[in-house]
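Got a structure here, written out as structure tokens. Questions coming.
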């Protein structure tokens, strides 16, 4: 298994157990969506996979290696193969788009190249290509604080695309983005995963996006896995139960009630 | 409440009186006819200032030297300040943080003039001592400010870069520096403006520039020349104030 | 998918301005190095590092002989006395000025009356004089007074008096002008004279601010007194300069330490005073 969690737990010092004895395996090239109410542990799970958090119990294998048994150099190289799209892109406001995108490969470049690119961007065509896929190629030399929220989010995605990681993780990448754009972003990430045969694990707020785009959906509730199924096997009742504690409604990207969506269509994942 | 105020007032007045007494300063004697006449004579000897072409050239050189002292000194201070700010912001652990902060405090507690005098002891008379003196003191000031800016900078960008495999130092350059560099540059320029005024007077302990010219001309009882130097100092301050106000307006616009 | 780009590479629009700015800054700094007689060898050369090391070691151990410590204690008291006396002198200089320019303004705000025109005429030259006093650095004043009245604390007191007089004068007048005139106006309406209205209506309102700034200036005066001592105006500074001439590092260290403690003390006293009189 490319990604393997074996009875993994994460307990915070105050005793709160964010992840409770979770076991799960994800193979190479799989595209998986993680859904669940807020506070369920979706972000924690993702951050465990990103090697940002260390499990307090159990074994974690990422890209075939145990990150917490690895040496500093091995961990760094492992992380260079993991790309994370954040909900709010962590980019300094005054940085230019081109530098922000090129920063995706800092984990792979030698020191001299990283330093040189700071003075003069060394791979502008490469950055431009990724921005073109996100339809903002014209923003190449703009400063990031001159972009709208949606444009900045696309820069964050472009950075991960430029990194060309073996594992793409996304933490609610489109919850602050309008429905049309969010569809394009999720679509582009899926396209990337399929074309390069890499693994994509996306934590999503909107259930309709998850069911539409991903062949495997994991529901997380209370730090545990509630279900791990392809969309056709997930019933409305299961979804309502998943979100029961949080709100009356199952969340969708455009805030339309979940039930109004055409039943058959929403369950058929998109294959390219 | 008012009684306490009156008490404090009386104590302060008593202290003030005691000060004059301790110094055996008889203000009356200080300002009596003879002393005043002497001071007046001394004051008049400053006019008219020496405005001969030769001397004005020397004044010009002195002014350039003063500006150079302030510029090079501030640049050196910025470099040293940045170097010390990194540990002072806790980037290398708790012990280096305490040590670096101690050094920075030491540097900035000692006034520029004292530093300049110490540097004259170490490196001899001349502008280099003034440059070093300014550099030491200003490094403490800039370093302290920069350390605080670094500590308050948001860590997310650099963290995200480290998570994608970047080395910590590179993540710092790409993720944290862009946020703090503008402030650093602005503050350094502000300190340079202050330092121009400082550089002008450091010379009185032998550290070059207009100050040194003033000291020499006063010691040689060349009052008209000294007056020219004082006028040059005033002119320099006015021009620098005006230029910086103009620049600030242009940049803000 | 996108194929390799054509030869049209995007050019970084920021590259040229950045390069130009860098070149400009370097070009401006370069002559500075020769003007300041910059000697990098001093900083890098191994031999000079040894000399540096030896130089630094002369500052230890601190000089703690009782005779010297007594001398330092006396100088410290002298510095404090210079600062205090200087500040008092500054107040004596600033107060009439502030009154001159504010009285006219306040009286005119409260209501027309005598003394208005006299105040108006004196205002501009008084302003100019204050500006002149505070624009010349205090150490230059100290140098001049040392030449005029001789070495010793008198020069320091006069220098602080003059410079800080200019500063206090300006700030006093600003404080007085910016304060609320309504209590004074109210007094006028109930029938009191203009002068009384000023001193009972305006003055008490402005007093805390005036005191606060004066105490702050006293704290600055302590530091300034030490620095002025360097050019002969008495106190710790003069003592330090003498030790420097003798190249006595231990004495210098002791005086430096005492100076740092003195500054901390003055800072604390000033903070307490300002809190109590607020």
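Order of writing sets the labels: A, B and C. Residues in every chain begin at 1.
As a working rule, a residue touches a chain if its C-beta (ideal position, glycine included) is under 8 Å from a C-beta of that chain, and two chains touch if they have at least 3 such contacts.
Model, not experiment: these values are computed from the prediction.
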**OP:** Considering only mean CA positions as chain centres, point out the chain farthest from chain A.
**Re:** C
**OP:** Averaging the CA atoms per chain, pick out the one whose centre lands closest to the mean of every protein CA shown.
**Re:** B
Subject >> Where chain A and chain C are represented by their mean Cα positions, the distance between them in whole Å >> reply: 58
Original post:
Taking each chain's centre as the mean position of its Cα atoms, how many Å separate chain B from chain C?
Top reply: 11
Subject >> Chain centre separation (chain A, chain B; CA means) in Å >> reply: 52
Original post:
Which part of chain B faces chain A closely enough to touch in the complex?
Top reply: 156-157, 159-167, 170-171, 173-176, 178-179, 182
Subject >> Residue ranges of chain A in contact with chain C within the complex >> reply: 96, 98, 120-121, 124-125, 128-129, 132-133, 140-141, 195
Subject >> Footprint of chain B on chain A - complex, ascending >> reply: 50-52, 76-84, 86, 90-95, 99, 103-104, 106-108, 111, 114-115, 118, 163, 165
Original post:
Any idea which chain C residues touch chain A in the complex?
Top reply: 1-2, 5, 9-10, 12-15
Original post:
What part of chain B is in contact with chain C in the complex they form?
Top reply: 4-5, 8, 15-16, 18-20, 22-23, 25, 30, 35, 38-39, 42-43, 64-65, 67-69, 71-73, 75, 109-111, 113-114, 117-118, 121-123, 126-128, 130-131, 197, 200-201, 204-205, 208, 214-215, 218, 230, 233-234, 237
